[in-house]
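Here subunit A shows up in two complexes: once beside subunit B, once beside subunit C.
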Partner chain A sequence: MLIVQLLLSGIQTGLIYALTAAGFALIFGATRIFHVAHGATFALAGYAFIETAGAGLAWPLACLVSLVVAVGFGLAMDAFVYRPILRHEGSFFTIFVAAFGMVVVVQSVLELAFGRSFVSYSSPLTRAAPVLPGLYLAPVFWVAVAVTIALLGLTSLFLGRSRAGIGLRALSESPELLRAFGLSARRLSALAFALGSALVVPGAVLRAATSGLQPSIGPHVMLISLAASIVGGIGSLRGAVLAGLLLGITEALVVSVLDTQWSEAAGFVLLFGFILFRPSGLLGQPVAR
Partner chain B sequence: MLQRRTLLVGTAASAALLLVRRPGFAEEAASYVIGTLFPMAGPNAEYGTIFTAGAQMALSHIAEDKMLRKPVELRAEDSQGTPQGGATGMTKLASVDHAIYTLIGFTGVSKAAAPIGQRNKVVMVNGGGVGPDLSGLAPLFWNVIPLIDKEIAAALPWLKAQGKKRVAVLYVDDPLGNAALKQLSDALPANGGALAGSFSIAPTAQEFGAIAAKVRDSNPDAVYFASYGAQQAQIIKQLRDNGVSQLLVTYSAATIPSVRDLAEAEGLVYTSQASDWTLGDPVTQRFVKDWRAKYNGDPTTYHQNYYNAVRLFGLLAQSLEKQGKPVDGEALREELLRQRKFALVGGEGTFDDKCNISFPIQINQLKGGKAEKIG
Partner chain C sequence: MTAYLLNLATLSAIFGILAVSLNVLVGYAGIFSTAHAVFFGLGAYAGAQLALLVTPDVLAASIVAALIAGAFSLCLALPALRVRGEYFVAASLGLQMLAITVFTQAQDVTGGLGGLVGIPPPTLFGLDVSSGPAFLVVCLAILALCLVGIRVLMRGSFGRSLMALRDSESAARAFGKDVARLKTLAVAVGCSLAGVAGALFAFQEAFVNVESFTLEQSILVLAMVILGGVGTLAGPLIGAVLLLLLPAGLSFLPFIPPTDIGSVQQLIYGLAMTLLMIFRPAGLAGRPVGQR
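For the complex of A and B:
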């Protein structure tokens, strides 16, 4: 029964990883911008939810505030940080440093505004109850499953069926061709940031309820997003979701055979394994050199 | 010729100016520099804020009382709660800021910084780290906090009295956590108990759902965890959320708002040094009165410790000034070992030969977001 319990724990953690990584994968897939500040978006969204819910706002409204904050920050990053850099030189290193700088700024702002303490959202949905002898499950497990399926379905539908979605997919391939079809690369880039930042909200809210947050969570989130994006296949939304799930399950199951402190490391061993033996990831396209 | 003479005079004047400006050569420094080496960013930053607040109140009291002939300056370095940060920060405090007295916390940070501080004759006072190997770490390394071995020794008889025989231990894989595990493994059988299981975690770990499943599977009567910072709150929340309903026990690192304010921490038992804010001695009374006036709440033992650490400097330096002796690391240590007993917050503090303070330990339980002494 311990293995089943670990598997369920891993799925729950993995779904939250998947939701965390999906936005980063979408932004990178469409714009090829290494959006390190995705971790800052996550932290802002999480804090916006906890603080507004803590102030007495109903949780759906708190989620809405969180969505507005996340999308606003994503759009601001695109308009005021990445776009000016891309206009001049647009080197990977400059973008990386600028985005990383924003992570530090956001962390400091959160520390100043809300303190350096751990914060969490207390909800009965996170309390596990026995469903079978020795097997515990919290309602948040089903919430995570439903939200992930719904979001992945809706996003896939948007990317596959709508004109803007197809434009987003084409953005990374050929911005010039987009112009020929009357689409604006600039607007599509903003759309990618808005959508990618919006996708971070469910992960941030679930994380606030299950593990809690602190101002320095940004780099940790980024690490998970990056690992999931590489394992899933760079730029693949579905791949990132699958990889997030795989990372969570691996971290949980490994403690059944190894010492518990290897839990987090196991995810990164998996990452190295993919880099060495399947660099294109789970659903990525191999690129000929 | 004139140019050459001007150049020589200029060079000599510059050299003289440099020598005069260097503290301790032609004149003494204009102020005493106390350095702080606390985590100010990252998952343990909450401690840095708490530690600094205690030190700042002592500084304001020293200034109000005009205890010293020179002002005291506080210079802060961020240790990040890591040994690397500790080594870098101590090097800067000793070599650049010329601190003669430093406040330090965290076991790993202390162990990395101690050789550097000792080499530069800088006193290091720990009021937050509780690893047992911090005792006698260096001649200039002092502890104003009882170490974890004293806390565990107090917790075990209490657990026995409560009939909690099987104890699962969840510990951070670092010097502090390993020391806690070793002591519990050795001492539990002697106290009629048994180790139900031991579960190590990385200092950076944030997900404990799977570990909670293993802890539950070990079927303990109580769970002792040795961690610190935000991770403690994550452990408590995730253990409770994942069906671990047994008694949770830990040590004094839990005396932070993150843990105190957590709904899931209700019933948490933790040891700490005795902190009686109703004591009638003037030092404790003034500290508690001013603290409540400034922060509208009671202080914690960490506030007390770093207040005491700075007050100790004031008392020692004052005594050295009266004797006409220089105020430096060696002289401060000599004076500490000469006097041994000091009027501090929490009563009279007594230092042993290794410069460790002794305070009684009490057992607390969180009830309704407040700590209640239960043993």
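For the complex of A and C:
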């Protein structure tokens, strides 16, 4: 029963990772910007939810506030950090450092504003109830499953069918050709940032309601979504989702064999192995070195 | 007060060595490692264990630390040979997270979270160099050696080949440069120097634990190199001194509560990193791209 219990909690964590990684993969796939500040978006969204819900706002409104904060931060990063850098230079490292600087800034601002300790949001949905003898499950698990499937379905429908979605995929293939067709690369990349950042919100809210938040969650989530999008194959949405689930389940199952300390490390062993032996990831195309 | 200033100066020298060693990877070889604190840590543990078990000689500890950090640098060289850019950054982040777990768990060697305590005062060829000024001189001497060594190396054929590699790997390969050997060597040089800095750090603090070798530390060192100027000799030193003086300076400001100093320091250097990349990507000591 312990294994099943761990598997279920792994799936729940994995779904949160999957959504966040999908946002990262969407942004990277469309704009080729390595958006490491995605973790900061996660932390901001989570804190926005907890603080407004804690102040007495009804939870749907708090989710809306969190959505506004996340999308606002994503758009601001695109407009004020990545655009100016890409205008005069485009080296990947310059962008990485600038984004990392923002991760550090967001973490320290959250520390100054809300302290370093854990904060969490409790609701009747998060109370675990026995489902089978020895097996506990909180209703929030089903919420996580439903929300993830619905959102990923909607996102892939959007990318596959709508005009803007096709534009996004075209942006990743060839920005020049896109311009020749009279579409604005600038607008489409803002759209990618808005969508990708919005995908963070359900994960952040679920995380706040299940295991709580800490200012250092930003870097942690950044590492996970990075790992998931590489293990899944960079830029591949489906790959990122699969890898996010895989990482969550690995983390949980490792606990049954080793000390809890190793659970996070296990994910990175997986990442390291993939980079050494299969850099293209689960579903990606082979990369040129 | 003098003791405080001496401590600050010694730490600046040690972090100077660390930043200069990371610059070999980032600035000259174009290998963007975010795992430098791992090798700093390996050196610190190696130096501390040698001092505890065999001899508290600074030179011996530095050499052992350099050898061990250099040997483990293969963990970084391997992904550097396989992948580049985003992928390598991800691999080095992975290595950093892994190393922290190993440092925490391998309690027989590292003392785990409690760390290694009671590192004996350092000696050099039998002379006691544990007093503040004497140890500062030792650190400065080693820093000077590193600077001269790196300057000679980078002026020579090795450095020029490295920089060619950094600017265009395929062109360097076409000129018959052995890319794999060059990269492995550069990683080994940078990481073993980080090991030396680690050994000195262990003597200076007389205590090491895993807290000093986290991702935050790696990023701090990376920030030192970047703020100072990537690929310059003096840049990383300037960056190291600036970022070490920052918390010291902040603690004199009365309106910041002492518990918040860490966060305020992070806020400032994070902001500095972002703003610098937007307005002056070459760093404080670096020349703007057009004038190179």
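By definition in this document, the second predicted complex is superposed on the first by the 284 of 289 C-alpha atoms of A that agree within 3 Å, B and C clash if a C-alpha of one lies under 4 Å from a C-alpha of the other, contacts with A are read in each partner's own complex, and residues count from 1 in each chain.
Here, a contact is a pair of C-beta atoms (placed from the backbone, for glycine too) under 8 Å apart; a residue touches a chain by one contact, two chains touch by 3 or more.
Only a predicted model underlies this, so the values are computations on that prediction, with no experimental measurement involved.
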{"item": "Clash-or-fit label for the pair subunit B, subunit C on subunit A", "value": "clash"}
{"item": "Partner chain in contact with A:122 - subunit B first, subunit C second, else both or neither", "value": "first"}
{"item": "First (subunit B), second (subunit C), both or neither touched by A:210", "value": "first"}
{"item": "Which of subunit B and subunit C A:188 touches, first, second, both or neither", "value": "neither"}
{"item": "Touched partner set for A:255, first subunit B, second subunit C, both or neither", "value": "first"}
{"item": "Touching partner for A:111 - first (subunit B), second (subunit C), both, neither", "value": "both"}
{"item": "First (subunit B), second (subunit C), both or neither touched by A:265", "value": "both"}
{"item": "Touching partner for A:243 - first (subunit B), second (subunit C), both, neither", "value": "neither"}
{"item": "Which of subunit B and subunit C A:6 touches, first, second, both or neither", "value": "first"}
{"item": "Partner chain(s) touched by A:102 [first = subunit B, second = subunit C, both, neither]", "value": "second"}
{"item": "Where subunit B runs into subunit C (options 56-64, 110-118, 200-208 or 218-226)", "value": "110-118"}
{"item": "Intersection of the subunit A residues that touch subunit B with those that touch subunit C", "value": "107, 111, 259, 261, 264-265"}
{"item": "Residue numbers on subunit B that touch subunit A, as the complex places them", "value": "41-43, 45-46, 48-49, 173, 199-202, 204-207, 209-214, 216-217, 230, 233-234, 237-238, 240-243, 256-258, 261-264"}
{"item": "Subunit C residues within the subunit A interface of the complex", "value": "32, 78-79, 82-87, 89-91, 93-95, 97-98, 101-102, 104-105, 215, 219, 222-223, 226, 260, 263-264, 266-267, 269-275, 277-278, 281, 289"}
{"item": "Subunit A residues within the subunit B interface of the complex", "value": "2, 5-6, 9-10, 12-13, 107, 111, 115-120, 122, 126-130, 134, 136, 138, 210-212, 214-216, 220, 251-253, 255-256, 259-261, 263-265"}
{"item": "Complex interface listing, subunit A residues touching subunit C", "value": "34, 81, 84-85, 88-89, 91-105, 107-109, 111-112, 219, 223, 226-227, 230, 234, 259, 261-262, 264-265, 268-269, 271-272, 275-276, 279, 287, 289"}
